[in-house]
Amino acid sequence: MSAPSPPDPPAAPSLPPPYPDLAARVNNWGRWGADDEIGTLNLITDTVVRVAAATVRTGLRVPLALPLRQDGVQSGAIPGRVNPLHTMVQINRRLFGPDSVATSDDTVTMGLQAATHWDALPHASHSGLLYNGRPADTITAHGGARFSSIATATHVVSRGVLLDVAAAKGLPRLTTGHAVTPEDLDGAEEFGGVTVGAGDIVLVRTGQLQVYLAGDRAAYAYPSPGLSVRTPEWFHARDVAAVANDTLTFEICPPEIENLWLPVHALDLVEMGMPQGQNWNLEDLSTACGETGRYAFLLSATPEPFLGATGSPVAPVAIL
Amino acid sequence: MSAPSPPDPPAAPSLPPPYPDLAARVNNWGRWGADDEIGTLNLITDTVVRVAAATVRTGLRVPLALPLRQDGVQSGAIPGRVNPLHTMVQINRRLFGPDSVATSDDTVTMGLQAATHWDALPHASHSGLLYNGRPADTITAHGGARFSSIATATHVVSRGVLLDVAAAKGLPRLTTGHAVTPEDLDGAEEFGGVTVGAGDIVLVRTGQLQVYLAGDRAAYAYPSPGLSVRTPEWFHARDVAAVANDTLTFEICPPEIENLWLPVHALDLVEMGMPQGQNWNLEDLSTACGETGRYAFLLSATPEPFLGATGSPVAPVAIL
Amino acid sequence: MSAPSPPDPPAAPSLPPPYPDLAARVNNWGRWGADDEIGTLNLITDTVVRVAAATVRTGLRVPLALPLRQDGVQSGAIPGRVNPLHTMVQINRRLFGPDSVATSDDTVTMGLQAATHWDALPHASHSGLLYNGRPADTITAHGGARFSSIATATHVVSRGVLLDVAAAKGLPRLTTGHAVTPEDLDGAEEFGGVTVGAGDIVLVRTGQLQVYLAGDRAAYAYPSPGLSVRTPEWFHARDVAAVANDTLTFEICPPEIENLWLPVHALDLVEMGMPQGQNWNLEDLSTACGETGRYAFLLSATPEPFLGATGSPVAPVAIL
Amino acid sequence: MSAPSPPDPPAAPSLPPPYPDLAARVNNWGRWGADDEIGTLNLITDTVVRVAAATVRTGLRVPLALPLRQDGVQSGAIPGRVNPLHTMVQINRRLFGPDSVATSDDTVTMGLQAATHWDALPHASHSGLLYNGRPADTITAHGGARFSSIATATHVVSRGVLLDVAAAKGLPRLTTGHAVTPEDLDGAEEFGGVTVGAGDIVLVRTGQLQVYLAGDRAAYAYPSPGLSVRTPEWFHARDVAAVANDTLTFEICPPEIENLWLPVHALDLVEMGMPQGQNWNLEDLSTACGETGRYAFLLSATPEPFLGATGSPVAPVAIL
């Protein structure tokens, strides 16, 4: 059997300028073969993981997930993205007689992108195409995403780096309209005394999650600071494996360029094939890194392997 | 403010002999204070984690979760424990115009104990009591478990040890009626050249999951090999933090002692306060450990923080 | 086998005055036997139904249900009472080949009391008791309500009577703080030229639903006009089978008597054993009855038979 | 504004013979205008309803729905069509203090076609088209069916006619391979002393539901007796409004014509625009009609108005 042919060169995208130029500079289609489904997660090599494990100094573990609860971050503005509805289907039920051991069981209904989560690559498409040039209509109601579903991200463990943009600027949190630029990322690297490298998972802290933690989920959601359309190129240059932050929209919203909505989603997920994380709680991590002066750590953040899903809740832990 | 008083000594349990004697030998109530909610997870200290990180040699990562899918391991025999129902609520939806970036979104409904999961401590009760002597009726329909819910297990990262009981016996899998004994665990330790210690997470391989992987989920579920009622004492003696295996019922089922159903659940969860994991896929890990001859590794297995839940799916990863 | 003994006389309720006096006047426990589960639905006899069918003059059918949709009447204020989440699990799927017939399938997750619905009798309890003196703890997480669940209301078809309180007062809708009194019901009877009789299903229109229809679901929900604590006696005197209205809370909310919340729920559901309906859209019916001058009709309003449920969505139709 | 132009003549369907000929004979596209969404439900006129109400003799009500429960008729063979999962989200919760009235609340997750239900017209498509020539891709993951969703069937009340094919043949139930033919329907009409007319809702009894009621849901589902591909023409000739029966598949399954699966679905739903009902319990109705010798009655069977849904559970009641 012959090797699969490489994907066709990407069609000229139908998105407006400057999207096509930005896309051309970060596109990874075919880089790991025509059959590749995991994109930049390929950059997490065994060597990277060994180095990551070696960063552990104190053994302190910092959890980065918000609790999964019905009054979670979703305000109802995104149809179908429902906060977790937790129900008990057994409470102390003694199935084997009045003096037997009792058990309790639970169910949940939730949007997979509702809480602290990873976007899988097919979460975004444009011009009818997904990462690696696959047709967008390979996502169906009965099977979900045939390619690059979150279930292909079977082990997301690497070196994590906190780029604490808010702290680097001496702010508790960025202002609503602030687009995080490559220069901001440079500044946060310098602030943290750390250099982002190949296979790293980068956590960008804006401080915006404080707005939710203070009780205002509508204001948390929108408008929101977030990553600039110029950041994918920065991540691409360093061969980052994945990026997560502490906002609902990931990128600045409303967008920097009129009528070009969600360009960072398209650049990261579709062109680069790089997973994105949202609604991560980076507050305790900011404190811990600030106290130790160390901004690199082992990060374990494997999503739940929902077959066909375009995202998943995740309970990330930083190990310092 | 004065310290909370220690919990009352456990009431004489209403379960039949030999349960009361076994319980007395492993009970941890009050050991970490009257307010403790996490039981043996307290044994995962920073030191344990540092040592665990230092076990990483190759950087190889082995995922231990089954894919989350509608034809998962549940056969319908346990009411309410439904396999994951994954649905798409947006498919390539262009919210911002015909040539805009499109997004896809998912939801899920599932039993939290349906797939590869952790049991939280309140998953079991007996004689009206939960771990640390709390009343079982603190679990309610509207809030779930008030104490020790899975959301309190915010970071489950430690040294993992595979006790490959099937391989130690030279069998592909244990026979249906085989109760894994302390002697079997000793034998697997010796086979693996490893000594289980305080704070370790022990993975006990029976090979039973092969029955599900071969397509027969009814036979996988029941009858099943599993842990003997004598094993909690073994885990207690070594101060293990948690135990998981590759069966649906965790313990041998039907049970060893007539009319004493789920005794291991009660001993582990209620008396010791030790989380249990079920439906873990240990097949690839068995191969990897067999090839390297090393049966200890860094294990990352943090559950999703469902507030009030008595269990959660988990996507564990062993890092060798 | 001997006949079941009649239920004990109701325990002195622990609710504050004037509840005990009101309860004593409307209590129906034992009226239809100790085993009865359906309360006032017993009053819908075959004769009542024949008479109801004979009220049909024009054949006009007026639907009274709100569409089931994610932006339904629930605002999130009542935990767990979630608006319908509709998902497609198959879209034009051709299971039998490329040129075969295709099918589409749906699922829903919703609160059973979230939309236009009936409350089953066990939806309310007080002093540890349900209708007919049954213990409230016969409702469990794994089975729901053992007695009087909505599945026992297998056919709710009777004469319907619209008491258009708002129209009788010449108002588009009642003011927020208006408690509908027995005198208001008398006035609406006179306005409609109709006399409420045994087995009737009474629909009380306040006009409050207009607030939701105009787009403000928070203001629709609370504060709300609704039935006074004095109305159950009025319904009891006429041997009404069931009552529904066009509010979220059914009764006036906040309540008329300080610290006595939901007294009408307790009087109707627990004491009388009379089902209640909420969030019914009576706007078109008000118009139709106003135009024809006839306020009695055949009403078909059978809930979905959810086993163990304490309520159900319903799609009522008035046939004039 | 000009009237909408009539739909294009249907494209030559891509389904194999004899489908195109059968389709041409029953097609109703354009019959009620290009904008029509409800098809043969248009045939239920006010006059039909008046006549239907006049059929009521005794006032006896016979419910035709199966209870909604987790061990319902679905065996798991149809992916995503899940039996109802009923959960309690509040049990006797006293929100307003220890001596206040308590309430209980429920949620459900279920397939809308899982139990006793109506198929809406867009439940089936072929050759890329739905009823009235609308494109099949007007069904989307985020909105469901844009046209002819079940929410457009706001009042389904008409004369019901039981065609008791099994009883007419002197059988408890039809054999598995029996396709109900037009001649069978003629025979059942004669047996019942009734003539099917315009606007009637026809209930065809095979007796197959007894297999489920006896506990074997796999055998109930498949293979199954059901309607022959020749019956749509019979219904079309009489201008029937809707047809329901007591099987899972509605039509005979496996089908009469090799490689032509679900032809009756396509003829009824797509060509004629006639709703179909499945899993109706006609056993008690068979008894009641047999005892009274009257096979026509008032039937009330309005589905729940799920916006965008291609089906809905229904709790039909026959009023004799």
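As written, the chain order gives the labels A, B, C and D, with residue 1 at the start of each chain.
Convention: a contact is a pair of C-beta atoms (placed from the backbone, for glycine too) under 8 Å apart; a residue touches a chain by one contact, two chains touch by 3 or more.
The UniProt protein names, listed by chain, are A, B, C, D = Cyclase.
Everything numeric in this text was worked out from a predicted model, so none of it was measured.
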item	value
Co-neighbours of chain B and chain A - touch as defined	C, D
Which listed pair, A-B, A-C or C-D, duplicates the contacts of B-D in over half of its pairs	A-C
Rigid-body rotation angle, chain D and chain C, from Cα fit (steps of 5°)	180
Distance from chain D to chain C - Cα centre to Cα centre, in angstrom	27
Intercentroid distance (Cα basis), chain C paired with chain B, Å	45
Chain C, residues touching no fewer than two other chains	79-80, 82, 85, 87-91, 104, 107, 109, 140-142
Chain B-touching residues of chain D, taken from the complex the two chains share	70-71, 76, 79-80, 82, 85, 87-91, 93, 104, 109, 140-142
Residue numbers on chain B that touch chain A, as the complex places them	14-16, 45-50, 53-54, 56-63, 65-69, 78-82, 84, 86-92, 95-97, 99-113, 122-127, 136-137, 139-141, 144-145, 151, 154-155, 157, 259, 261-263, 265-266, 298, 300, 302-311, 313-317, 319
